[in-house]
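Below are structures written as structure tokens.
What follows is chain A paired twice: with chain B in the first complex and chain C in the second.
Let's turn to the complex of A and B:
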């Protein structure tokens, strides 16, 4: 299988140096290995603060990995030169979470969409560029005559469409979507999700779709990876994950998805209520309904074909 | 959208309208000074005409509308050309102080780390000394002269802009659209000039333009102390300095020479009041916490 992005044993630790005394280190990503195959949508699901956005930042070269390698189109993001990275940006683009802060308020739609073209020297001729930008606006479901308007004249959903259009100006092969619908109304979410699905199919994009919402992930993703406190705890094709969730955390999350006509039972323990973890132990152990604090399995293992899980407490009938 | 809001606010609020009118009035006086008070010494129009060499001031009359001050300098000429000098000093000092503050604040905020620490502690040092005292020291070191006074005023005025711009840049720097520009492949200078500065400079520009009143007040203080304009210059502070001996009048009539103090003092008062009223209006409009 052709990999668009390959992450191997990625660690990211934020350290805060201080003038006096020692610094403080916060590990955010621990031993993350993931493969985003070409032309597929990979969902990355996890609760707030589990490291999803940090992973995106490392992929985009905004943060440097502490150790491990990130290969985008077989190029090591941390090793290549600035010029090579600039070329890589044409291949990999991003849609941000908040459509209100991700568009420069002092630029018109034309300026916003022209910027990537200017930077990479594409469509220098004015009429050709205008034609291209108008086609792009139509492609994301906006009227072509919106080019001269400012972001504040648009609704959140429309802004997110502009943001998607900006990501598509360079005709990328990989799209990273960092919670692109979580700031939107539910009715608008569906429209944007449909748009992302259509675009990823029409343009044969590989998409890393970050979300905390299983319902959204189920709608859009081919494969799903579940992240907990900086580790991937389970990954599987979407259908498989929803029918046979293996990791206790995944099952807890799926049980927490509200469903109409179903009574909620057994609220999960919030992360803040848990005690500190023992060194080397599974970071979920203190919340886990099945394990004591001594549970040490953190490595992913292939339980059934394509279905990886980092837990030894499997549901009955799912033995190795 | 933004400009309309400001003008609407100025028109609807009486105090801000008064401020606007005062500043506009002084601007007109400064602009038409050569017609209001014809130049008498073409080498230096700021040199006030001297009617005679008698010491005691003369009250307002047909020849000298506002009277004369010590040594028979014409007060009317002094006030009119003083308005022009006030704008000249205010605008020049504010412009250069803003420029220096912009550079320092931008470098500090953009590069961060040690450079930021160094530059900001430097501005703290300037802040630590009372600005009038520091301006006096610098002006005294350079020698009494209007140009040196402007240098001294610039030297004490820039830190507040540096701080303001640094803060605004730091908040804008973290916005998603700056990160977005980076992920599109934009390099540092482009991000700074096209995204960060246009979104962070505006409040500072407004604050700077409204500090003109304060600069003129400080300039008048320096001239009063003899560290700025020289005797005979049409400068409001200088005119008050020349009135120093006549504040108390004679033993029969303590207010005998009221015009020597009240006229240039009133000009400074109204000029600074105008800018402050206008400044309050702008600050209200720009501060999002106030509705």
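Let's turn to the complex of A and C:
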């Protein structure tokens, strides 16, 4: 299988506070290995602060990895020159969470969509460009005559469509979508999810879909990786993960997703981490209903074909 | 036995003044809140759900005002009540928790100081008594090592813990009514589940009535006894939670429920509602949902359908009557 993105043993540590007293190091990504195959949608699910946005930043070259390699289309993001990276950006584009802050309010839709084309010198001829931009707008479900309008004239859902159109201007092969629907109204979320699915299929995109919402991931993703405190704790094809979740954290997350028709369960989920973890222990140990605080299993193991889990406390009947 | 409601909202209308014109953002809202019940008010942004909550406590921003209607708390109208009396009611009888817990706590005071301040503002008690009471409250909302945590500042707490502190403050004077405005939106799902449990547990223990405001239908389904669906500033449907989710009547409620992603099976396409929700204060002649409604007729665009009783529920739609 052809890999669009391949991440091997990626570590990222933020350092700060060098001025007064000693420095402070925060490890954000720990030994992350992931493959995004071409033409598939990989969901990265985790709670706030687990490192999912940092992973996106490393992929996009906004942050440098501390160690490990990130290969996008077989090129090492940290090693290539600026020109090479610029070319790589034609292949890989991003859609952000908040369509209110990710579009420059002083630019018209035409200017917003033209910027990437200018940078890469595409469609220099005016009529050809206008034709292309209009086609692009219809592709994301907006009227072609919206080109001369400003972002404030649009609602949240329409703005997110503009963001998606902008990401598609260079006809990329990889789309990184960082929580693209979480800022939208419920009745509009479904529209954007349908649009993302249609586009990823029609254009044969590989998509890294970052979300905290399992329900959304369920709809859109072919594969799912669950992240907790900077580590991938479980990864599997989506269908497999939802029918046989293995890691205690995945099961806790799934149980916490509110659903229509599900009345509140009796026992509440255990409170969040109360104490520091033992050095080298699994970072989930202090919240884990099964492990002791010194549980050291952190390496991903292939439990069943393609189903990887970083825990030895598997549910009944799921042994290797 | 007939239980009298703790709160009666009658024909409430809230308007914003912009350039000397009044834009109603909430219209014709009426409901009764019974003691010990949880009412979920569900709506998208701009539907008027937060404005409704703020109007109950007289906390509307200066540009907005209640332009019609009554809000009766145990038969006294909160809208005509003198400010000093209202201040008494607010906090001790009706209290509120907000969406972003870290923004609603004062960052330069310790959690203990804020709790003690709340207690002493409403009840004559010594500092020592208030301190003991504060410890008791923190324990009640599940904060471990409460005496030591009193001297902690909000930034030392996580979002979920801050929300617990907010709940402790809201419950400090055993109110009759708790208004929770999107209390878990800023929190992670596992923490959200804990906070919901806490609210439910305390509500049952204290026999409080809760108005739970949310945009999340699934949350409403899990926590509420009764659900009120707002759209474009109007109540579209109101029913006991079970009936509403099992058999929604209004096309908007139906559409919303259908467009939710199911966790049980993978679907090929989501049945999305086309179009965009109206902006706050955008008034159409007919039904605000008409432009997105699959069943809309000419009549719906010309005339606002009245809210009518259909069995145990209230629905605002012309269509349903014929069914």
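Simple rule for what comes next: the second predicted complex is superposed on the first by the 310 of 320 C-alpha atoms of A that agree within 3 Å, B and C clash if a C-alpha of one lies under 4 Å from a C-alpha of the other, contacts with A are read in each partner's own complex, and residues count from 1 in each chain.
Convention: a residue touches a chain if its C-beta (ideal position, glycine included) is under 8 Å from a C-beta of that chain, and two chains touch if they have at least 3 such contacts.
Fair warning: this is a prediction, and the values are worked out from it, not measured in the lab.
Legend: residue contacts after superposition of the two complexes on their common chain; A:205 is shown touching neither chain B nor chain C. Within the superposed three-chain arrangement, the count of touched residues of chain A is higher for C, of the candidates chain B and chain C. Touch criterion not met for A:147: it reaches neither chain B nor chain C. In the superposed model, A:218 makes contact with chain C only, not with chain B. Of the two partner chains, chain B is the only one touched by A:105; chain C is not. By the document's definition of touching, of the two partners only chain C reaches A:253; chain B does not. Counting contacts by the rule stated earlier, no residue of chain A appears in both its interface with chain B and its interface with chain C.
The touching residues of chain C, when paired with chain A in their complex, are 44-45, 142, 144, 158, 160-161, 188-194, 196-198, 200, 215-219, 221-223, 245-246, 255-257, 259-263, 266-267, 269-274, 276-277, 279, 292.
Of all residues in chain A, those touching chain B in their complex are 60-62, 86, 89-90, 93-94, 96-98, 101-106, 115-116, 119-120, 163, 166, 170.
Taken in their complex, chain A has these residues touching chain C: 47-48, 155-158, 185-191, 193-194, 197, 212-216, 218-219, 238-239, 242, 252-264, 268-269, 271-272, 274. Put simply, chain B touches chain A in their complex at residues 175-177, 179-186, 190, 194-195, 198-199.
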